[in-house]
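Presented sequentially are two complexes of subunit A, the first with subunit B as partner and the second with subunit C.
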Partner chain A sequence: MSLNYLTPEFKVLRDYDKCINCKVCMRQCANEVHSYDEDLGKMVADDYKCVNCQRCVVMCPTHALTIVKHPQVFRENANWTYDAIRDIYRQAETGGVLLSAMGNDRPYPIYWDKMVINASQVTNPSIDPLREPMELKIFIGRKPDKIELDENLNVKTKMPPQLTLNYPIMFSAMSYGSISYNAHASLARAAKELGIYYNTGEGGLHKDFRKYGPNTIVQVASGRFGVDREYLKTAAAVEIKIGQGAKPGIGGHLPGEKVSEDISETRMIPVGSDAISPAPHHDIYSIEDLSQLIYSLKEATDYKKPVGVKIAAVNNVAAIASGIARAGADYIAIDGFRGGTGAAPKRIRDNVGIPIEFAIASVDSRLRSEGIRHTISLIAAGSIRSSADIVKAIALGADAVYIGSAALIALGCHMCQQCYTGKCNWGIATQDPNLVKRLNPEIGYKRLVNLITAWGHEIQEMLGGMGINDIESLKGNRLMLRGIGMTQKELDVLGILAAGE
Partner chain B sequence: MKKVYAKEEVCVGCKLCEVYCITSHSRYKDVLKAYKFDSNRPAPRIVVEENRPLSFSLQCRHCDDAPCVKACITGAMQKDPVTGVVTCDTDKCVGCWTCVLVCGFGAIVRDTNNKIASKCDLCAESGEPACVKNCPNEALVYEGGI
Partner chain C sequence: MKTIDAKDMHYKDLNEMIKELVNSGEDVINLKNVNGQRYIGDNLNGNTKINIEGTPGNDLAAFMDGLTIEVFGNGQDAIGNTMNDGSIIVHGHVGDVVGYGMRGGSMYIKSDAGYRVGIHMKQYNDKVPVVVIGGTPGDFFGEYMAGGCMIVLNLSNKKDIVGEYCGTGMHGGVIYLRCNDVEDYKLGKEVIKEEATEDDLKEISKYIKNFSSYFKYDYDKIMNHKFIKLHPAGHRPYGKLYA
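The block that comes next holds the complex of A and B.
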């Protein structure tokens, strides 16, 4: 084997005054960083293998471990950066496409952080959510053109199917295969407890989770994995996956070695076969084709369930969204370029797509200008990191948001971005039974419930501050936002004023 | 009686239960000091049994009809008639390890440092067993009636 030019990315610092040789770190590291050296009589670490997932740091009973960025540097060069050089070393060695995971981590501007939220002072009263009612409930689905009432003031209009959410938050599509059984169990149970929805992703619905059907959105993607009549009937809604923010225009590939007995049954493919999701749906080459699939799925579910479409945020997102609305979809989920993934080609993840902030604003504006905004609900996805991001997304025009990465972080993800290795030390992005059991769904679902409950409280506080007592009144209410440090063009696309205006 | 039960499906095999068992039965009640300074560091009374991916921690089941109590040649091994807890009186224990031989669970450990039979006492002094309190994945529970 010739010389490997890569140097370690991280350094494991062990405080030997604190290390008791209990070997917990060694047992917990799937990357085999730690080992006990009999000759030296102490624990040692191989920095090369460390991915900084921090499992050992958190588990060490004496807090003897710290992982730091390796101090080894290249000569300073603003053009040939650390990553640029290392990526070339990797590709020169392997000849392969660089893989990456989780969302785009490049330092593009984060527009959430350039928007600030309004609050009432003197001229209109703010509301205290602890003392007065504050509504967070929303409905996802097509709304009728008008509401007709009978003489007793009961609604006469037949409402299209709706999803009812207690919080304007849902768990993003993450397939069984990309994440573990226990991760799915945690998400499903939390969704039920919270009165929201989780999304199976494109990997089918495990038979154990059929009981969570009323809180489940099932996906129909280009691979059509796990799709049958029962799959569609069990779910609360069906989502056609066209694209994903982390890899717009790219299909998916679950390697055969991850297709275990259980996953094979769920995906309805042979054990050990590669699960390939083609880049396009081979039966969709136009809005008319999409409309056919939407109505096929509506037909299959007796027009009782909303059928949505998920797309990645790309250049023409507004026109595409308009087409999707006209094709008959009940909701559209738009995934921005910082959206996560279990595996994506690095160059795609880091360079393709547009920020969700712009996509939501332009889609909402476009649908309003065409007078069809009410015909479709809009879900924003692609790196929603906090309740403030949610408030801003809704003020820009979203009905609700999808959270994926944030939910996984609640379950223990430390953003080491190595999902595609299948060695997730937190039991999330892995199918290794040794690792999967590290995520206890009993603990996991409570952590998810805590996160969403906490965000709910924060959203209520922010709404109250604005003098709004219903999340519906914030939708598209862009006057509640002001921009800081943006160009006029950026402000115009977002449809907001500059701070002070 | 209340006993410690293992949930093997979420046991991660980290052996932190062993670390905290040692700490709880050391004269220092601190992990670092128990390992660094205790010259008579006790043996863990809980042992993680493994056949990956299966793992679970095992400790004394405090049997109703405890063979170790019957077998004990000095009367060191006693079952409390009220609480049901089986304990070893280390002042009386001579380290013959007959109890180790008769225990059907292999839950009695030879503490060679102190030449005594060592076994789970459910952390009688502190109330809640240290293994249960410190299990990072809630794979040990302390439950059951009196």
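The block that comes next holds the complex of A and C.
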């Protein structure tokens, strides 16, 4: 390694009393941290290369390894932090834009954690979900202005196309290319098993996964990778990707070295070619243009499939959402500034966009005040970490949520935030066949099914506690929330009262 | 052969009729009095020939996978959006973002084209989209172009054969301009400019032949001119951007 000013971020501690020189760590670490020193007759580690992905820690048969934050410190400085200095060294060396992955990790307030959920006491008694029916099923799509019945009380009104979800949860867009074949296989199979949907992202649909079509949402982004008749025909719904929370205003870019044979076939571009999908769709400069693409896709799918639009949560999200509803979209997915990604410029990830909590509340309020809330479903995304976050999102006004990072964590992701390096030791954000096979989709899909089933039970219990037996009755029911430790302005934007009020 | 009078028809009704005919294997459909109806030919496949009299609206032949559409008039925006196969012949001029993300098939425009023609055009294996423009296109011609072949003939001998930002972000495919030279400032920095060789011209001769026969031009007259070839410097235009 050439001389640079960087110091290691992590330190690998090896308990030599436990280490049996089995070299498992050496084989498991794609970052080549561990090696066997023949002269010393023992395992050694190059701390510089460690990204703290925990793979070796988990795999070491004698539990001899611990990774710690490197004890080496700069002189204490609250302003010039270790991160700030380190970033400057890296840029001074390379002249490049800093990359990062997964979601914004800066210590911004997390508004989910400043909201608490109501429960019934004495009056309007709570419901026991173990004994009584508790509905979690929801429908994504435009709802008619009114329902008309014929004389036999059958519904006469023609319903616009809907997606039926057994849980108010879907797996958000992650492309084949940003994540592995086995990760996609796990997501697709879990979606089918659960009666929900996964999203291909903008990298096309692998031919092996066409069988999961009825549980698949396909994306159409500016690069149009893999978009053809078959793609549109196979999908249950089509999503136009305008933006994502981790990098509002920034497009997708899969570097050529990741475009392998298989990815090339799925994206329909040559091997080794950069896959660029810039943030602006250069055919969409207005709501009218967006509407044109929405209807182009509806025509292409015979008006039988919902067409949604995904945007990042930004300052004017409410006005934009209103435009999208009026443009004819069946759902809008809003991705908050903590949303994950396989690669994003670090400064964008950490500084652009707004929290999803505010975005849902203001979009829901705006659409209600304009009398068009029923014309569009609202999907919240951008770091949903638990069933409680989901209950809060729905109470703020969402119909359902998209989970991405949480799903990957269920598959084994340890949040090392190095997805863009392509060396994910957990077989998720990589195309290296030796790493990909570490993720067994047989096990992966079951872990996802477990997670969503568990969250489903928890949501039912929280609903029951509130005396509600249908998730639809929670939607936009902000009286079920109270805020703690927020300013009056924040409470107002969220449209909730303070605890005790 | 079937004829539809599209006068005062909503695009949805018109397209439904067309779709039915195409799916039933109709060989020729004549559309009369077309006046701005969008999405004609959207996501259709088959071998039908559609003749259009009038001006079809935006997104003509979007996602199209087969078919031949001949427009006896002008076209509007976004013709051939994400088109996969088939061919389009327009006896007039066309609007903006024509051939967006086009992945296969061919498009012949007799006269001029608007801004952002052929952006995100791609090719994969045997699928190589082709666009031939008899007049000249506007700015951002071939922006982000990733594959395929576009040819500009400038038969009306305009001063500027392309607008500005031609081939910006180009990382695949090839552009031929029938001219003696094109100013460097008009080209994206990712583009390499050189004179087309004999072999290059042989490569495009079949497209020029098609063009000449569709619009009744003298093939030899068109070919008896210097062509400039633009191709990308690499497949990784932004490879060195990151730390």
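One rule holds in what follows: the second predicted complex is superposed on the first by the 499 of 501 C-alpha atoms of A that agree within 3 Å, B and C clash if a C-alpha of one lies under 4 Å from a C-alpha of the other, contacts with A are read in each partner's own complex, and residues count from 1 in each chain.
In this text, a contact is a pair of C-beta atoms (placed from the backbone, for glycine too) under 8 Å apart; a residue touches a chain by one contact, two chains touch by 3 or more.
Just so we're clear, the structure is a prediction, and the values are computed from it rather than from any experiment.
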**Report entry** Fit or clash between subunit C and subunit B when superposed on subunit A
**Finding:** fit
**Report entry** Most subunit A residues touched (candidates subunit B, subunit C)
**Finding:** C
Report task. Classify the contacts of A:66 with the two partner chains as first (subunit B alone), second (subunit C alone), both, or neither. Result -> neither
Report task. Would you sort A:81 into first (subunit B), second (subunit C), both or neither based on which partner it touches? Result -> neither
Query raised in the report: Now for A:4: first (subunit B), second (subunit C), both, or neither, which partner does it touch?
Result: neither
Query - First, second, both or neither for A:386, with subunit B first and subunit C second - result: neither
Query raised in the report: After superposition on the shared chain, which partner residues are touched by A:20: those of subunit B (first), subunit C (second), both, or neither?
Result: first
Query raised in the report: Where does A:351 make contact in the superposed view: on subunit B (first), on subunit C (second), on both, or on neither?
Result: neither
Query raised in the report: Which partner does A:283 reach: the first (subunit B), the second (subunit C), both, or neither?
Result: second
Query raised in the report: In the superposed arrangement, which partner chain does A:223 touch: subunit B (first), subunit C (second), both, or neither?
Result: second
**Report entry** Per-pair minimum CA distance [subunit C against subunit B, superposed on A] in Å
**Finding:** 27
Query raised in the report: Across the complex, what residues on subunit A touch subunit B?
Result: 18, 20-24, 27-28, 59, 61-62, 432-434, 437-438, 440, 442-443
Query raised in the report: Where on subunit B is subunit A touching in the complex?
Result: 9-16, 18-20, 31-32, 35-36, 52-53, 134, 136-139
Report summary line: Listed in rising order, the residues of subunit C that touch subunit A in the complex are 11-12, 15, 19, 38-39, 42-43, 45, 58-59, 62-63, 65, 77-78, 81-82, 84, 96-97, 100-101, 103, 116, 119-120, 122-124, 127, 140, 143-144, 146-147, 169, 171-172, 235-243
Requested in this report: Mind listing the subunit A positions that touch subunit C in their complex?
Outcome: 90-91, 93-99, 220, 222-224, 227-229, 232, 253, 255-256, 264, 268-270, 272-274, 276, 278, 282-283, 292, 295-296, 299-302
